[in-house]
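Input: a single structure, listed below in structure tokens.
Going in written order, the chains are labelled A, B, C and D, and every chain counts its residues from 1.
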Amino acid sequence: MSIKVRYFASLKESIGRSEDNLESSGLATVGDVWHSANPNKALPDNILAAVNMEYVGLSNPVKDGDEVAFFPPVTGG
Amino acid sequence: MSIKVRYFASLKESIGRSEDNLESSGLATVGDVWHSANPNKALPDNILAAVNMEYVGLSNPVKDGDEVAFFPPVTGG
Amino acid sequence: MDIKICPEPFDPWQEIKAYQHSAKNIAGKFGATSIFIGTMRDFNEGDDVKGMTLEHYPGMTEKQLEKIVTEAIRQWPIIDVLVVHRVGDVLPNDPIVLVAVWTSHRGDAFDASRFIMEELKSRAPFWKKELLKSQAERWLVKNTDGYL
Amino acid sequence: MDIKICPEPFDPWQEIKAYQHSAKNIAGKFGATSIFIGTMRDFNEGDDVKGMTLEHYPGMTEKQLEKIVTEAIRQWPIIDVLVVHRVGDVLPNDPIVLVAVWTSHRGDAFDASRFIMEELKSRAPFWKKELLKSQAERWLVKNTDGYL
């Protein structure tokens, strides 16, 4: 399956990448996507996740073609 | 003593005057001012009163030179 | 702080913009601006309204508005306030009242602008007489509670 | 209803005025307009701030703002809503966000505009990085609760 992973703001800076394109099987949840894209790095505290631009929890399932995003708490407005 | 009395809005229309200049002794309170200026007319319900542009009750004392106003509930904004 | 009674139509955006430019000391200092504008509608209580006359009590109106703004400044950390209220003959779609509050933080701006509007509605001596399409005139009798 | 993401500075008064003119069907129908404007300050947490970069997640930002406005429309009798949010490089005194809500009655306008601002602050994917006078950069970490 193919998953696009996106990072924003301070998380993007600390990881040093704005996106990954994962091609791998066995990705069941958003948490799996993080670990597959960042094998040596625990997901930092407070990081939010979205699938196809909707907020989700880390146990949310993912499917082929999804866009998964990770980012810190929002500070707009 | 000399008291200027002012009326506004629907009260002004129903009385048919916008002001009275009272020259009389024995005016102790705002209520006295109303009755002196309008001897045959009870103060209508809900009418508000002000002395020198501050809200007061009908039992508020008045003194020579005061401006006393009567008007219906306000509807600005 | 400025409080204005306008006998002519006013443009609320122009009023705010001009005031904000003139109050140069607040530039860069405020983070939040909360603005309320009351506008005349072309209907009320089921009737078509052609126009309105806004009467006030010159002197007392300004005095009461100043008291209201002073009370707001005592309650919230306010940087600046502008209040503009129309009087005289008003047409549908004309702005009637403008309240603008500048603060550091948004909660204070929302709370203070609403407080000023509610107090203005209940205490500032203005009276509205509507002219209906039927040519009938009627005095409005009571303002509603804006917190409900 | 309109939601705009602005990569360039915007004039909030011009935005509201133009929107109100373009939405001709609302003229004469609304009695209340509640507006909130968030503006960049030249200081924060005790430091002088030279500028700010506002990052967002194109697509998700618009989607979340639409959801927020739709929720507001479901909760209050709203006539129209305009939301404008700046992105990119921002200077002190630049407007960052504009929320305008048109309703018949003032309580609804106040409640709905505040709701939209609070939800925007907590859910719309924007992130601020400040550039201090000292040349240091720092990401803001958390928005405060505007109801407190």
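FYI, a residue touches a chain if its C-beta (ideal position, glycine included) is under 8 Å from a C-beta of that chain, and two chains touch if they have at least 3 such contacts.
As the structure is a computational prediction, the values presented were derived from the model and not from experiment.
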| item | value |
| --- | --- |
| Joint neighbours of subunit C and subunit A, given as chain labels | D |
| Averaged-CA centre spacing for the pair subunit D and subunit C, given as whole angstrom | 22 |
| Centre-of-Cα separation between subunit B and subunit A, whole angstrom | 72 |
| Intercentroid distance (Cα basis), subunit D paired with subunit B, Å | 48 |
| Length of the line joining the C-alpha centres of subunit A and subunit D, rounded to whole Å | 27 |
| Shared interface positions of subunit C, touching two or more other chains | 38, 106, 117 |
| Contacts with 2+ other chains: residues of subunit A | 77 |
| Overall pattern in which the protein chains touch one another (line/ring/star/complete/other) | line |
| Pairs of chains satisfying the touch condition | A-D, B-C, C-D |
| Residues of subunit C that touch subunit B when the two form their complex | 38, 54-57, 59-60, 63-64, 85, 96-97, 117, 120-129, 139-143 |
| Residues of subunit A defined as touching subunit D within the complex | 6, 8-10, 13, 50, 53-55, 69, 71-77 |
| Sites on subunit D touched by subunit C in the complex | 13-14, 16-17, 27-43, 92-93, 104-107, 109-110, 113-114, 117, 144-148 |
